[in-house]
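In structure tokens below, several structures.
What follows is a pair of complexes built around chain A, which joins chain B in one and chain C in the other.
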Partner chain A sequence: MVTRRSLFPFSVRLIVPLAIALLVVLIYPLIFSFWVSLHDYSLTALDDVRFVGLQNYLELSGNPSFWNALRNTLIFVFGAVFLETILGFGLALLLHRPGHRFTNVFRSILLTPMFITPIAVGLMFRFMLNQQLGVLPYLLDKVGIQIDFFGSQLALFSLILIDVWQWTPFMLLLFLAGLESLPAAPFEAARVDGASWGFTLRKVTLPLMKPVILVALIIRGLDAFKVFEYVYAITRGGPGDSTETILYYIYKVAFRFFRMGEAASMAYVLILITMALVIVLYRLMTQEEA
Partner chain B sequence: MKHRRHVLIWLAIGLMLAFVLSACSAPQPTEAPPSSGGEEKPTEAPAKTEKVTLNVIMEEVPDYDIVAELTKQFEADNPAIEVVFDAMPYDAMRDKILTSFLAPKATYDIIIVDNPWMDEFGNAGYLTPLDDYIAKTEGYNYNDFVGPLREIGEVDGKIYGVPYYNYALGLIVRQDIFDDKGVAVPTTLDDYVKTVQSLTTDDFYGAAMQPQRGYKIFEEWKNWLYGAGGDLTDDQGKVIINNDAGLKALELYIETYNTAAPPNSLNWGFDEALRAMATGQAATMLSYNWMLPTLNSPDGPAGDLAGKFQLYEVPGGKAVLGAWHWAIPKNSQNADAAWKYISWITSPSVDKERVIKGGAPIRVSVMQDKEVWEKGFGEQYYTTVLSILEDAEPLATGNHAEEIIEVVGTELNAAVAGQKSAKQALDDAAKQVEEIMNR
Partner chain C sequence: MPSSPYWRKRLIDWGGTLILMVALIVVLFPYFWIFLTSLKPTVLVAQPDIWVFAPTATNWREVLLESDVPRYLVNSLIVGASTVLIALIVAAPASYSFSRFKTGGGPVRFSILAAEMLPPAVLIVPLFLLMFHLQLLDTHIALIAAHLTFVTPVITWFLIGFFDEVPKELEEQAMVDGYTRFQAFYKVVLPTVRPGLAAAAIFGFVLSWNDMFYALILSGGNNKTLPVAIAGYWTFRGIEMGKMAVAILIAIVPVLVASFFIQKYLVKGLGGGAVKY
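What follows is the complex of A and B.
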């Protein structure tokens, strides 16, 4: 009786259901998809699944569409997250007015884009920026400006702006929370010493906010990597392949062409790349602190 | 202290939102179809007295509405069979159909198959051969379906699908403008380019094109390719899309896009082109033959312009053929009942009714039927559609048609966007098509 209790203490027994659930819904698909990535696995030839080793991975190096999609995704992630961080931080500074009467009203208004499901946002902008029906091209045309938002030059940038519109509020939310958690003492000291607003921002606010910024960048960056809805709803990867992002490409290979093995290998490469980026980002941010 | 708690609450809210939103937004294409309507009902055939339920996947298009209405008649005549439609947009269909194939018990007893999927599904062994059913069905007259449509449903000498409706392309023009200016409707590709250029002014365009990446641009441009004397492959199956004829077709296409199509229409599909025609901005478009009745309908999108549109064969004569076919999945538990329904809806008499109501024609006898001409859209329309269908070929065939269409359509669009030269785009397309075919 005593041994059984020490082998399975109460705490371990509490964890068991969760561990089993995780194993089933997380670990099993991960292992299975890795197994698939080592095979020639096509959904229309299930009686002909062959082990091919690392061939799917090796073939990726010679697949220009994959690298193009990866390049587009990186441009999208860096562009969108950069703009969202700047805008989100700026808005957070403006909204950080403890005790102001309308603070909560402004916060609620600014947070609304985040509550719309991304596919709806994609469809919304598809029509708003449409050359024939859109309100924006119509108004711009009135003042003599003609812009093709989804032409080959601007399409990726337009998608970045849509992402910025939707997800800047998320950054704002995190930064605002961060700002409110900062201790008052350093700011009071800075004011007593006569530091200017800009000096205080650079030397006090930003260093203190670094952990929050790191978390925000990682969460938003990882999320931006998963961009799919805007591409699916608006451009389908076009014009040419200028807005084909990595998840859209993987979706196409897996669920339009049914080549699961190849798609699984791409997904694993994507995981490795995002993990590497997170580690680099984490190192960069913590190194400076030390 | 109070501040700290505040912060924790905000952070918690933020994180929760991040998870919830990302979970909502994650695409889940493999999911089983949402249970709507009758899907919860058992699919296997129960005891004799009980009802058989046929689940049918459909695309939300005008032809579906007509079929759904006619089906009430079938259900009244066959009280033991209930037909439940699951209609959805095109994009949702392909993976749902495949999921149903792979399930131990089919989600769908009847599916409709787009022409690029036919060889793929047939060769994979997912479809029931219909030869015996057709032979046993009296008065079915299979050979009455237009030849090129029949060929699509036949894979390796077996029939896996019977036609549902066609979407072959034709040239739709504003007849009033051609008549006013005394211009003849072009019958060759070179004439077509010259004509639409001459009709273009500052705010009126000769051609509403659909250069959207992927299916759309390939569907339109392949008519140009035929018009220039080219093809995707030759008789031996060698890829010849990048020969001189191909290059001429693409260069003319780009020139026309730059000189006679509405500006900034690089992302246009057929919706946008139709809208441009309907609002009187363009003189011609290459589009599905059944867009003509839509444009000429007084209640349709064209308003006062209704009645001024006319249909012709595409310049050069040979057109791109699209078609949907009815098919029965191998794992369907109700194959006999499924065939009973399919053979009814495609039978000569019911098909005639369907076409009179506005459905896209598939049978020769129906297109030559005087009653159809009178009650439908007139003799000229049906004879033109018949001549289009008789000289038409699908975009691509074989197990990888879907992928071939996608890569060629991407290269073509890149060339029109100016990202590549026409020659480079066609060479790249040919190389990829060869790789795909050899897979």
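What follows is the complex of A and C.
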């Protein structure tokens, strides 16, 4: 059979549909967005779009709301990822007991929160933690504890706890898979040497798990950076601006104040942060291959 | 004391199980509470101290039969299914190419991963403006385009890991048998990764189904999706809480069921053929 000769090899022809799709929905919007970020582009004055160069970017440095949003987001990301890593690792160690009868049931149920739409999680917890309607303040009140979960002191922390409920399962999933794939020999050696549980954990398990932990940390960190739904569902950035995160602030600037150029410039700052982390992530992932 | 290590082990075993039980309750309680709320008569919804009551189907009936929630559910289904279908068609051949021929090498794989991680805030402004100028705002097309921006890279990345495991001999044999390269891919390789395709499709669908950020801005009116509709419930009085509970359950139960099928494929998919567990 004579095959039709083509300008491009088979391997390249296979990726043409993907390339076209991503060009249309991803690359072109990204370029357009950069163009928008260089303009004074307001949705309320579409016939008056003016080129302003880097002005949008320069004005960001003097914009306290932007820095506040960035600060809140960083606190959120570090707090949430830290707690999720500790809890996820602890639970993974507990679940990693081969032959245990209920392990599969436990795991399947413990993993469920990560699959639910975050807006539902946000509303569920807004309802359950509400001062008047909520079941948790009611139960805590019974034992003499009074907490206003969404007051100015605690609101950001409460959002972190909600994130921990939803996303610790993601850490658990990756850590369990990591633990299951560890070689048996080092653990045998430690056992023969009579090493204690704590010693084995510190000197054998943790070093072997380091690559998995780093990959999980970065993926989760990148994802936590996108927090929006909890803020939208519960606090709308308040009280004051104590829970205004970067995505919520961009949303507000673009779709409440209609300042598209400014929002696009903030988005591009966000790309830089994201790309830096993705480079580290990619290095880590491909290192493991070797 | 010969029995000491034995008891120590038992104690650790029981302690571990106890902690797992607590974790289980923490995970399950919100589901339980929302389900309970969905069955509460309207007057009791605002009373967290009521745990025992005569259940009523009023909330369920009103949401399922007398509200627009079923319409929004269909919207979510249409958007999710269309997104996944398009994403699979463009992603499957490309993933195969990345896996088998290492097309584009590291830079291409990096770009796919980067696209997967891109914050939605970056794309919402240009997508909104483009859809605005094309007069496609509040249509399914706008939302499908937006969801393709993350579902396509995720599915591409997901499938690479599955294609990596198909032995080269399989398609070589197929070509000896007279298939063209494309037929070998389409008729021999693709069917062998069917579980991967199914898991990727379900995972992609869940991502689309769960999105509220894009849907909030790009879909509206009769074309809005379930997550946006749920968010709308809180603006009503506390009295609407029972109905919100029903809407939440409608949005999460299908996903919870699906999760049990894809859990075991998820790790391989997330690794994209790079992380070897």
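By our rule, the second predicted complex is superposed on the first by the 266 of 290 C-alpha atoms of A that agree within 3 Å, B and C clash if a C-alpha of one lies under 4 Å from a C-alpha of the other, contacts with A are read in each partner's own complex, and residues count from 1 in each chain.
Quick note on the criterion: a contact is a pair of C-beta atoms (placed from the backbone, for glycine too) under 8 Å apart; a residue touches a chain by one contact, two chains touch by 3 or more.
Owing to the predicted nature of the structure, the values given are computational and were not obtained by experimental measurement.
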item: Which superposed partner A:I86 touches (first chain B, second chain C, both, neither); value: neither
item: First, second, both or neither for A:W165, with chain B first and chain C second; value: second
item: Touching partner for A:K252 - first (chain B), second (chain C), both, neither; value: first
item: Partner chain(s) touched by A:G238 [first = chain B, second = chain C, both, neither]; value: first
item: Partner chain(s) touched by A:L173 [first = chain B, second = chain C, both, neither]; value: both
item: First, second, both or neither for A:I219, with chain B first and chain C second; value: both
item: Touching partner for A:S108 - first (chain B), second (chain C), both, neither; value: second
item: Which superposed partner A:L58 touches (first chain B, second chain C, both, neither); value: neither
item: Which of chain B and chain C A:L206 touches, first, second, both or neither; value: neither
item: Partner contacting more residues of chain A (chain B vs chain C); value: C
item: Set intersection of chain A contacts, chain C complex versus chain B complex; value: 117-119, 132, 173-174, 177-178, 180-181, 219, 226, 228-229, 232, 247, 251, 254-255
item: Chain C to chain A touching residues, read off their complex; value: 16, 19-20, 23-24, 26-28, 30, 33-34, 37, 45-46, 48-49, 86, 89-91, 93-94, 96-98, 100-101, 103-104, 106, 109-110, 113-115, 117-130, 145-146, 148-149, 152-153, 156, 178, 180-182, 185, 206, 209-213, 216-217, 226-227, 230-231, 233-234, 238, 241, 244-245, 248, 251-252, 255-256, 258-260, 263, 266-267, 270-272, 274-277
item: Complex interface listing, chain B residues touching chain A; value: 3-4, 6-7, 10-11, 13-15, 17-18, 21-22, 24-27, 29-30, 94-95, 98, 102, 120-121, 123-124, 126, 212-214, 262-267, 272, 275-276, 399-400, 402-403, 406, 410, 413-414, 416-420
item: Partner chain B, residues of chain A touching it in the complex; value: 43-46, 114, 117-119, 131-132, 146, 148, 150-152, 170, 173-174, 176-178, 180-181, 219, 223, 226, 228-229, 232, 235-242, 247, 251-252, 254-258
item: Complex interface listing, chain A residues touching chain C; value: 1, 3, 10-12, 14-15, 17-22, 24-26, 29-30, 32-33, 36, 90-91, 94-95, 97, 106-113, 115-121, 123-128, 132-135, 137-139, 165, 169, 173-174, 177-178, 180-181, 212, 215, 219, 222, 225-226, 228-229, 232-233, 246-247, 250-251, 254-255, 260, 263-264, 266-268, 270-271, 274-275, 277-279, 281-282, 285-286, 288-289
